[in-house]
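Chain IDs A, B, C and D follow the sequence of writing; residue 1 opens each chain.
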Amino acid sequence: METIPVEHGLILAGILFCLGLIGVLTRRNIVFVLMSLEVMLNASGLAFIVAATRWGHAEGQVMFLMILTLAAAEVAVGLGLIIQMFRRYQTVDISVLSEMKG
Amino acid sequence: MLELIWLLPTFPLLGFLALVLTGGTLPKQIAGPIGAGSIGLSFAVAALIAMEFIGSGEDYFVYEAWTWMSVGSFSPGFTFYLDGLSTVMMLVITGVGFLIHLYATGYMADDPSFARFFSYMNLFVAAMLMLVLGDNLVLLYLGWEGVGLCSYLLIGFWYTNPANGYAARKAFVVTRIGDTSMAIGLFLLFAQLGTLNIQDLMHAAEGEWEVGSGYAVAAALLLLGGAVGKSAQLPLQTWLPDAMAGPTPISALIHAATMVTAGVYLIARTHILFELAPSVQLLVAWIGLATLLISGFTAMTQSDIKRVLAYSTVSQIGYMFLGLGVGAWSASVFHLMTHAFFKALLFLASGTVILSLHHEQNIFKMGALRKVLPVSFASFLIGSLALTAFPFTSGYFSKDEILLGALAVEGVGTWLWLGGLIGAFFTGIYTFRLFFIVFFGESNVKHHVDKEVGGWHMNGPLIILMILALVGGFIHVPVEAVFSHGEAHDEHHVSGLIHGIMIAVPLIGIGISYLFFMSKTFSVEKLMASGMAQSLHKFWLGGWGFDTLYNTLFVNPFLFLARINRKDLIDRFYALIVALSQAANGMIVRTQTGSLRWYALTLVAGLVFIVTLGALL
Amino acid sequence: MTITAADIYLLLPLLLVTGTVVVAMTAIGIKRDYTSAAIITITGLLLSAIAAAVLMPGTNQQVTPLLIIDQYSLFFTVVTCASAMFIAILSYPYLLALDDNREEYYLLLGVASVGAVVMVSSNHFVSAILGLETMSMSLYGMVAYTVHSKSAAQHPLEASVKYLVLSAAASGILLFGMALVYAQTGTLAFSSLIDLSDSSPGDLGNGFTVLALLMITAGIGFKLSLAPFHIWTPDVYEGSPLPATTYLATIGKVAMFVILLRFMEASEALAFEGILTVLSLIAVASILAGNLLALMQENLKRLLAYSSIAHMGYILIAIIASYYAEGRIGIEAVTFYLLAYLIMSLGTFGVASMVSDSSKEYDSVDDYKGLFWRQPVLAAIFTAMMLSLAGIPLTVGFIGKFYLFFAGVEGALWMLLAAMVIGSGIGLYYYLRVIYRMLEPAPESGAFNRSEQTASAFAVVSVLFVLLLVLGVYPAPVIDLIEAISAYI
Amino acid sequence: MITLFYLAGAIAVISTAAVIVQTNIVHALLYLILSLLAVAVVFYVLGAPFAAALEAIVYAGAILVLFLFVIMMLNLGQHTRDQERSWLSARMFVAPGIMSALLLGQFLNVMSQIDQDMTITRVGVMEVSALLFGPYVLAVELASILLLAGLVSAYHLAKK
């Protein structure tokens, strides 16, 4: 039987998660922001799969499927908003969306 | 029938609401019947309930109208507790209250703020009933503060005169000192015994605290603080004479018959606590004695008809405290009732005098009024006799019981009895001094008085109160069950001599008063000639210098502080809080930049912060 | 485990809400009609509220691993469905004038309610996430619903983008935390983390558990807009159309809190000192930040957003107290306060959405100047709501705050209570400011004079007003009910 | 197999890093697909072939195609590259970099204390499906509602 240290799997997920976070925080292009969000969600899914492997469960995979669904729906709505935003401002720069403050 | 007890405070409350919600615009023809009628209805219900309750022979009756909320061990509710004590109180409040309301419809007829007056009066009665009928500390406190508020509003009823406003503030501030003490006492009881129900509290206190234990003494002392404030006893007695600034029916209802006796009620209600703290109980007696003597002296020197009566009220409540202090619980409650009759009578009669003389209150500007004001004369005669404890009037029986109770105390009892007797002697002097000066002698009236102000709604209450003041002593106060386990039951056999002395002393007082003010056998002027007598007179007139003392000790330093504080340090402090909040607001608002990337950054920063913190802990 | 007929019966409220969406969608497919979509949704929500109320006595059963149908969840099913119905009624006049497809709004509202019902019945990560995201997904749409309308001067697009991006990031954090918990426990159901950390050989360590729990805390903290994760709240509230704001502020928060409560109780997370400290800090920070931010705020929606941050902080105190205090007083306090918060917020936003509509929102505090002289009844209701939010006696807000306070006292959380007292003091200032503004003389060229009020919307705020008073004066029956249902958590 | 795990993991990390620093959006998308495929390989190694397949099909195949579609629709081709470059200065990375580094440091700190091996058991389509159509059947139904919400929202927002 092959074994992999559980922490390696989780650390991989953690690294991907942090990369996603960096993407969300740095990019001004909203499409990139959305892509980075996908990376974060995917990292969470990976963490679930790793955990499922640790226990030899199928449940973690079920959760992964749910995350997949969630990611798909989020992308659909997000892209809808991007289209709307581009139509109004002719840009994908999220900095234009800072009219409300205080 | 007993379940209808919730109607008692409800009627006055509805009256209050009706008068207030119409904004005081109701005409007198409607506002009067609402104001007095609501109390009348309450009295009718109270009478029926009292009859059924006494007939049932039960010791007490509890009716839970509803529980406000029940959170953990804290469950205040509108629960009414009826026993002998609260029966007496509710009958006095609604009965005497109704008569005074009725009287007031005549007395206040020309006042532009007629409806406002009755709205306050109704609210007062509602609060007072809540106070005496509530079975838990929350209701008790609610009623306690409610009557205080109404008292404040009514003393300052004629608020256009700044002096009235001052009197109202003084009453409010002074009683507030007592209220604070009481509130702390209630918290102490709740915190230590974990229930709000008064009866449960008393039983718990009995079970958990030793006689003379620290908690019992502290709680009893704190409650006593509240009682002396509300009942105008030493050292917080100074507000009551000034409270006479309010309309006379107010003086009769609030500052003679009901509210000022709330302190007596409070101590009687929590008598078990005081029995657990015998030292405090004895203190109650000494406070009562000191108060009755001091105010007795003062009453002899006053020239304002209402102030004389006010000091006599303070003095009579002193008797009640004396009774409480010596464990003559039912005697005190008895005196509370009879006092309500004759003092309300005296106040209302003085109201008629004042009104007939076009708001003249100085007794030296009256005189020879017995022909002109026959009803007032009769009222004053009967009221004064009862007040001086003339044999077989109501006051005689109750005062007698208190003094006998004092005599029964081991050790200091004789002294207390003697002090009370001296007080009774002075009562005779000052009461009949007032009576003789006002109704006999030569007329000093400036304005011509054509006739006595009256009408059935003013004279009717006077006549009923006259009867009560005369025969009220034969009413049996059904409070045995309330005090059953605490009262000194062993009837001391008292010799005829003692009885003779107790009957004779007030009569001697009356006699001396006659010699001074009626027959002029002795001259006041001659007595006053010596310098010492004058300064004594001045001292007594000023109420033993308590006002001056308090002014020097508290008010002036406070004013001084306020003056050097013209720049207002305290207010600066609050301004600082405001400025700090605004500055904090200014800073924190800057975090709301509107930039999405900044928002995301704070989100992650928060995450990093708590994760790091969690790892460090 | 498969679903039996008895389970179906217990799922009736959920099925009814879902069915409502399906029926509404079919109706829209056949013929676009705004009124009928509204009526179908309102009826469906009402029916499911009734169904949940009927099921309530004596029910306590796990239906599949995902959902727990007990009295507590059914109570909140009733509450959320009724609230959703109220919001649906309030939305009707608001959207009437919208020059766009109006019908889908009710589909979104229905789906969001499905999510809310799942959330309040969830004791499992899968259902928690699915419910949460179903609601969020609909809310993205609702927040941006007026995006096409030219006359809508607000910023629905900005609000929706901000909400979506930040909420998705928070979901990512939440999911990662859940994955770590799952790695630790091996089950997706909410379960205790205490037993493991002591003896179990497969234990991943205390630090690991705390890390996982803190990530979940951060995720949930975002959804509840607790400081320091609160920063999105005012912008999203301000930009959204009022009915969407109402949904977000009421049901969105309440359903999330139920999940938090169940998770905290089941996982015994508070037994970890780190979690306890962090939650206490979050509570204090939320109370102070919320109240301070609201202090000078001139936009009513932002003001309410800030005040909701503070209210969430208050409730968190009771959650912390539930760990310290004997008995279930903490849970009861949370439950009661959630109910109180729901009533007050629905009422406040309800009145605001009654004086506004999709073409013009009156969301500046100045717009309410003189409301007392124009519409005394509405102003009186609004005043009562404000006083209740401030916690003045004889309103439900007072009882709620008292309950929280009592729970705090039982738990001896003196510092937190001090924060609550300070916060309430500051709060009084800005709530009263709104009331004073209403009492000022009405400006000549008044911003709004809408005299025609929809009777149904008026009925809704009146019902809320009555509830506010009744629960403030006579809360005993509701407290008894809450005591009974709190035993199920 | 073990080597494959580390190899795929490395590819995933590198290509994800490339995504967040890319200025060309289409290239970034391709890197993201590469990253997702690498993660799919990781899934496979970890004994989750079903998840791996779905990762490849749904994520890489469907979701990212959706991205590509929108990018093309908005015509975000070459001409936005300069703009991206101007937005993406090194300074921008400071604060997020520190934040993420701290978070990652926490992860590493906590996880490096774990010393446990997991045995890889294959959990195939059968087992997952048995769950999905057994106890988790409600989850499947709810997922459909979730998708419905996304659908309605997206439809309403994206329409003209």
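In this text, a residue touches a chain if its C-beta (ideal position, glycine included) is under 8 Å from a C-beta of that chain, and two chains touch if they have at least 3 such contacts.
Because the structure is a prediction, the values reported are computed rather than measured.
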item: Chain pair, A-D or B-D, that carries the greater number of C-beta contacts; value: A-D
item: Chain centre separation (chain A, chain D; CA means) in Å; value: 6
item: Centre distance in Å when chain B and chain D are each reduced to the mean of their C-alpha atoms; value: 79
item: Centre-of-Cα separation between chain C and chain A, whole angstrom; value: 26
item: Euclidean distance of C-alpha centroids - chain A vs chain B, Å; value: 73
item: Shared interface positions of chain A, touching two or more other chains; value: 6, 10, 20-21, 24-26, 28, 34, 45, 50, 52, 54, 57, 59-60, 62, 66, 70, 73-74, 77, 81, 84, 94, 97-102
item: Residue numbers of chain B (touch at least two other chains); value: 589, 592, 594, 596, 600-601, 604-605, 607, 611, 615
item: Residues within chain C bordering two or more other chains; value: 126, 130, 133, 137, 140-141, 144, 147, 160-162, 165, 169, 173, 204, 207, 211, 234-235
item: Chain contact topology (line, ring, star, complete or other); value: complete
item: Residues of chain A that touch chain B when the two form their complex; value: 21, 24-26, 28, 94-95, 97-102
item: Complex contact set, residues of chain D against chain B; value: 95-96, 99-100, 102-103, 106, 109-110
item: Contact footprint of chain A on chain C as seen in their complex; value: 125-126, 129-130, 133, 137, 140-141, 144, 147, 155, 157-162, 164-165, 168-169, 171-173, 175-176, 178-180, 182-183, 186-188, 204, 234-235, 238-239, 297, 299, 302
item: List of chain D residues in touch with chain A within their complex; value: 1-2, 5-6, 9, 12-13, 16-17, 19-20, 25, 28-29, 32, 35-36, 39, 42-43, 45-48, 50-51, 54-55, 58-59, 62-63, 66-67, 70-71, 73-74, 76, 80, 84, 87-88, 92-93, 95-97, 99-101, 103-104, 107-108, 111-112, 114-121, 123, 127-128, 130-132, 136, 139, 143, 146-147, 149-151, 153-158
item: Contact set on chain B toward chain C in their complex; value: 66-72, 74, 77, 581-582, 584-586, 588-589, 591-592, 594, 596, 599-600, 602-607, 609-611, 613-615, 617
